[in-house]
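You will see chain A twice below: alongside chain B first, and alongside chain C after that.
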Partner chain A sequence: MTAAHARRRTAPDRGRREMLLLMLPALVPVLVFSVGPLIYGIALSLTDAQGGRDPSFVGLANFGDLLTDGDFWGSFRIGMIWALSVTVVQFAASLGLALLLNQNLRLRGLARVLAVVPWAMPPVVIGLMWRLVYHPNAGLLNSVLRDLGLIGQNIDWLNDFSLALPAVIVVGVWAGMPQTTVVLLAGLQSVPKELHEAAQMDGASVWRRFWNVTLPQLRPVIVAITSLDFVWNINQFSLVYVLTQGGPGGQTRLPMLFAYEEAFRYGFFGYAATLGVAIVVVVLAVLGLYLWRQMREAN
Partner chain B sequence: MARPLTRRAGRAGQYLALAAYMVFLAFPLLWLLSTALKTPREMALLDPTWLPRQPTLANFAAAFSEQDLLGGALRSLVVALACAVLTVVLALPAAYAMARYRSVINRIAIGWVLVSQVFPFILIIIPLFMVLRRLDLVNTLVGLILVHVTFVLPFALWMLLGYVRAVPRELEEAAAVDGAGRVRSLVSVVAPLLAPGVVATLLFSFISSWNEFLFALVVLKDPDVATLPLTLAKFTGPEGVVRLGPLAAASLLATIPSMVFFAVIQRRLRSGLMAGAVKG
Partner chain C sequence: MRVRTALAAAAAALVALTAAACGSGDGGGQATSNEPVRLQFLSLAWQKESIAANKQLVAEWNNANPNIQVEYVQGSWDNVNDQLVTSFEGGDPPDVIHDDSPALAGFASRGYLLDLTPKLPAELKSDIPQPAWDTVTFGDGRGGQGVYGVPFLQESQVIIANKKLLEEAKVRIPTPQEPWTWDEFAEIAKKLTKPGDRFGVAWGMKSPVNRVLNLALNFGGTFFATDGSGKTTVKVGPQEREVLQRIHDQLYTDKSADPSALGMGTADPLPGFYAGKYALLPAGVYLRQQVVEQAPEGFEWITLPPLKGTTSEQGATSQTLSVAADSEHPDEALKFISFFLNGANQAKLAKGDWLLPTSVKAAADPSITGTENGWDVATASAKNLVVAPYLKVNGFDEWKSKVATPVLQEYFANKITLDQAATRLVDEGNKVLERYAS
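Up next is the complex of A and B:
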């Protein structure tokens, strides 16, 4: 009896030790190179750390500076416009495409492949490719618009103060459509057919069936993917860095580009860390509000 | 009577919409391809041609001779290979442990996987840069490999966890009944079944590292150690139109690994490798 008891106690103990041992190789780099720096980064936001100097504690002074920094608010505004418009347009376009791909149309296979291709491309290449499309003299877009007689002379899309941001948003939508479309398509395919058939028997039109059957069933998927898209978009860096480097005149300087410049061009590490913390807080607040509203409506 | 007519109009509308999507998705790609095949003379035309009149592969050769693209590609290859192998070596034992034992660590690890997907890199990259600077790893490929491994690890762990869970525990128990030791059953029963998952995770890690830009930009300041995405991004600068051909060619070449990955994954997803394992 005691022997059995003892064995019962040691077996899980040995299992736990074994588990820790197996997990250690993965745990160490994650702790050293991401959990640690994360905590260090939050601590840095409370210091005046700069290029060569030893940091000293300044409390919330950086956050005070941030609130009165016009450049930050400009960048923040652009970041919100970018993230919200890319997320919304991406969602609308992807839902449309997913609905089409869910139909029994010809060329559906080709369209599905095309819809996934941007996913497989490095962000730097996507940026370069669109620079070729937007190129003022050798670009596809100007050539097409001129042939259609819509513009008289070439437009320098990425260097125009009012056109640069919309042009960059289009690229953001193009680059992010695959993930959203694939997720929504999977969601559509899991809507039970019986629900549609029942609604059809009751004489509901296509539009009513979409509104009253498909959308409510899709709701959790929609909430999940739009939230993720929003976070990914506000954290976007590479694509816009390659397209415009934040120009012209800061018109496309997303918060991440702003923070990157503060840290690695000017060496204000503490201030840039503060920016990072502020963005996390804003993202969590926006997401919290959105998810809370969605939950309340769902109930 | 009106029913079939509206129905047909609806179908036509659907095809029209699908065509619009395909144009939007495909045209930038075709333009990239077309630019890569044009001669410098044709690039300099005031009115750009849609299709190259005399398609040439000269741009691909020029891409390699003009800038240090070959060096960049080789360094990217080293970093991505090291990252892929290290990631799987580190993640596989952890994934096995998480799939076979239940513990609080499981939940924390999965929580971290999710958090790591949404965190702004900038908050981590500054302190990480300071850590690397202290370790004298800035401007070294080793430094970049370490960073890439750390950031690919959570998702790789997640992928492998799924594959390990799909290997039925009964198989290991059956091997034990047949007298196989722990190591023996892992090597000859579990490993072959995990092989496809390991390959997929290797490929995923390779691609993530191969495509990565921001960390490389911060860690590798010295142009002599730049990886392919960095070399490509620098390629642009104040370029003349004539240089766009080689740029397009190099961009296409840089995309090949990811394309291969997606082609492989798509087939893998369908083949259902586990189907026969339990029945026997």
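Up next is the complex of A and C:
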């Protein structure tokens, strides 16, 4: 080792160190509040931690139990139905709304503001509000339907075995529409007008222009927002907890509610952590597949 | 070098900060001799009169005991057990905890609650009869038994009836000495039914499990059996099926019970009851409070005693006051409980909640034995209460929410047969119970 060599190596090293030092303030919250809990959760999922007992290491036994747990698969199925249908319907409705708000309408500014209002409401408030809408005797929905003569007697939307999940999905769609609409609207506004004009000159119909100009231009935005929505929806908790607490008879027990019950109702903390880790894996897998396909098609 | 020192310093600072943040939480207990002991009392009172009674008793205590100050903390039945698990695990639970006996079994076996056996004052112990103490005696998770709460309010299932309709139909009005049998009840419900206009009875079965299990004891149905080795399994035999079948018959054979009331909670059929749509409303004694408050003027109602099968026995659970194992002032906490639940005070609490007191002295209190608002019938029904068998079952809560609630709802909705329901209750139920068998 010559002195020259050593000097050449220390200079960039020191630069790296200083960079690390400067990054430290930003890294600390990430490490403390994101990475730490994640590692703790993974560690917990490998134990049999239960309320009041000292946990012992059990390896992957929890994951084995999970794979054969019919209740988990039931909850997982409900979670997928919920996440997929909310994401898809949300996307379709938001695209329609965004297209509308992109037109040169009167009071467009006001309409855009109104479309964003639900975003400002916390999920718990949304849940409470919709619980009133769905209330069997005093709810807005039943009274409107009765006035229109569509139903003969009041329906208990959130306690009916077959209606509860659809009713909750409607709320999920409503709650998530603002951000999807805003993002799609921003995407629409970045589509160059020239392309539309050129297509129009070539005699393309409105539908053709939408399909062949707008959609391909929007693709990156659509991929981004639908994947974000999917992650958001499958991890939804507060909205459904307030609306139904997973009832009736587990018909709206999303995976996160299931995990919550395992931990805080029955006291199986280790098993609940396993559920959390499993959902992380599932979300990563679904997203990876989806993004990979979208990217491949885009290329 | 300097960088590493800085890093180490930063890490040390972070550790110190975290430690300080954690430490500040449990410093409150180090009261010096001059400072009063502070207790937190988590109360789940929710009816207006009952909250008033609770707060008044706390104020009385605080005035009389400047050295032991109790802080009233309002909780809610909806999420109390989630809240408690979190605070027990976090090590900062309230000192005095209001809950009900089904929840105590799990908490006791996990060591969250203090065994009160050695601390109970004799006066309190003798004022509450043994069957009530049985509802709060549980295993401690290490092979022993302990008393994990003081039982104070109990609920029995009675029938609230439209008096005019009963008189019109000229049916026998039952008394606590001579109650209706289930057969008689079925006949009378049929008699009171006018197709298209009125149903004899409305069974609100939104949360059917505790209710069905409590009533099942009328025919000796226990739903759980424990073998010699201490292993508990679910059992649905002929005795357990009686009440299930009888309610189902009312709904679909006799057509004397309204199927559309099934999704309702206990109080939801009340508007229909006032309107004469239902003649009989099986309900917990506390529902009388809402009838008194809401019934339209001139509406005449009557409380009917519990039904009789082979016996009139009903499963009972109790509302309880417990002391957290982590409490730093268990003796003071128990002193407060002894005051709060003495005979005179229990009578006030029972009256506030429209429930039955466990205290013998309270049960003799004139304010809850008069004929007004059915108190005589309600108080008399306390003698039918025996400890509910499911109380001693570890894992009952999970069995109830994952298995029994959906199964019973589907059975009462006539979607599955009684045999299918029984099979699922047993098979799926035993799987759940196995998780707790360690």
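By definition in this document, the second predicted complex is superposed on the first by the 265 of 299 C-alpha atoms of A that agree within 3 Å, B and C clash if a C-alpha of one lies under 4 Å from a C-alpha of the other, contacts with A are read in each partner's own complex, and residues count from 1 in each chain.
Methods note: a residue touches a chain if its C-beta (ideal position, glycine included) is under 8 Å from a C-beta of that chain, and two chains touch if they have at least 3 such contacts.
Fair warning: this is a prediction, and the values are worked out from it, not measured in the lab.
Trainee: When both complexes are superposed, which of chain B and chain C contacts more residues belonging to chain A?
Mentor: B
Trainee: By the touch definition at the top of the document, which applies to A:G250: first (chain B), second (chain C), both, or neither?
Mentor: It touches chain C, and chain B stays clear.
Trainee: Go through the superposed model and pick first if A:R17 touches only chain B, second if only chain C, both, or neither.
Mentor: second
Trainee: Go through the superposed model and pick first if A:N137 touches only chain B, second if only chain C, both, or neither.
Mentor: A:N137 contacts both chain B and chain C.
Trainee: Once the structures are superposed on A, label A:F264 by its partner contacts, choosing first (chain B), second (chain C), both or neither.
Mentor: The answer is both, since A:F264 touches chain B and chain C.
Trainee: After the superposition on A, what does A:D156 contact: first (chain B), second (chain C), both or neither?
Mentor: second
Trainee: Name the contact category of A:V30: first (chain B only), second (chain C only), both, or neither.
Mentor: Touch status of A:V30: first partner only.
Trainee: Per the definitions at the top, what is the overlap between the chain A residues touching chain B and those touching chain C?
Mentor: On chain A, the overlap between the chain B and chain C contacts is residues 18, 20, 32, 137, 260, 263-264, 269.
Trainee: Can you tell me which positions in chain A touch chain C when the two form their complex?
Mentor: Residue positions touching the partner: 17-18, 20-21, 24, 28, 32, 50-53, 71, 136-137, 153, 156, 159-161, 248-250, 260-261, 263-269.
Trainee: Please output the residues of chain A touching chain B within their complex, sorted ascending.
Mentor: For chain A paired with chain B, touching residues are 15-16, 18-20, 22-23, 25-27, 29-30, 32-38, 40-42, 44, 49, 93, 96-97, 100, 103, 105-107, 110-111, 114-125, 127-133, 135, 137-140, 143, 146, 174, 177, 206, 228, 231-232, 234-235, 237-238, 241-242, 256, 259-260, 263-264, 269, 272-273, 275-277, 279-280, 283.
Trainee: What does chain C use to touch chain A in their complex?
Mentor: Interface residues on chain C, with respect to chain A: 3, 6-7, 10, 14, 81-82, 85-86, 88-89, 106, 109-112, 141, 206, 260, 263-264, 268, 271, 395, 397-398, 401-402, 405-406, 409-410, 413, 435.
Trainee: In the complex of these two chains, what residues of chain B are touching chain A?
Mentor: Checking each residue of chain B against chain A gives 10, 14-15, 17-18, 21-22, 24-29, 31-32, 35, 43, 46-48, 50, 89-91, 93-94, 96-98, 100-101, 103, 105, 109, 112, 116-131, 146-147, 149-151, 153-154, 157, 210-211, 213-214, 217-218, 229, 232-233, 235-236, 241, 244, 247-248, 251, 254-255, 258-259, 261-262.
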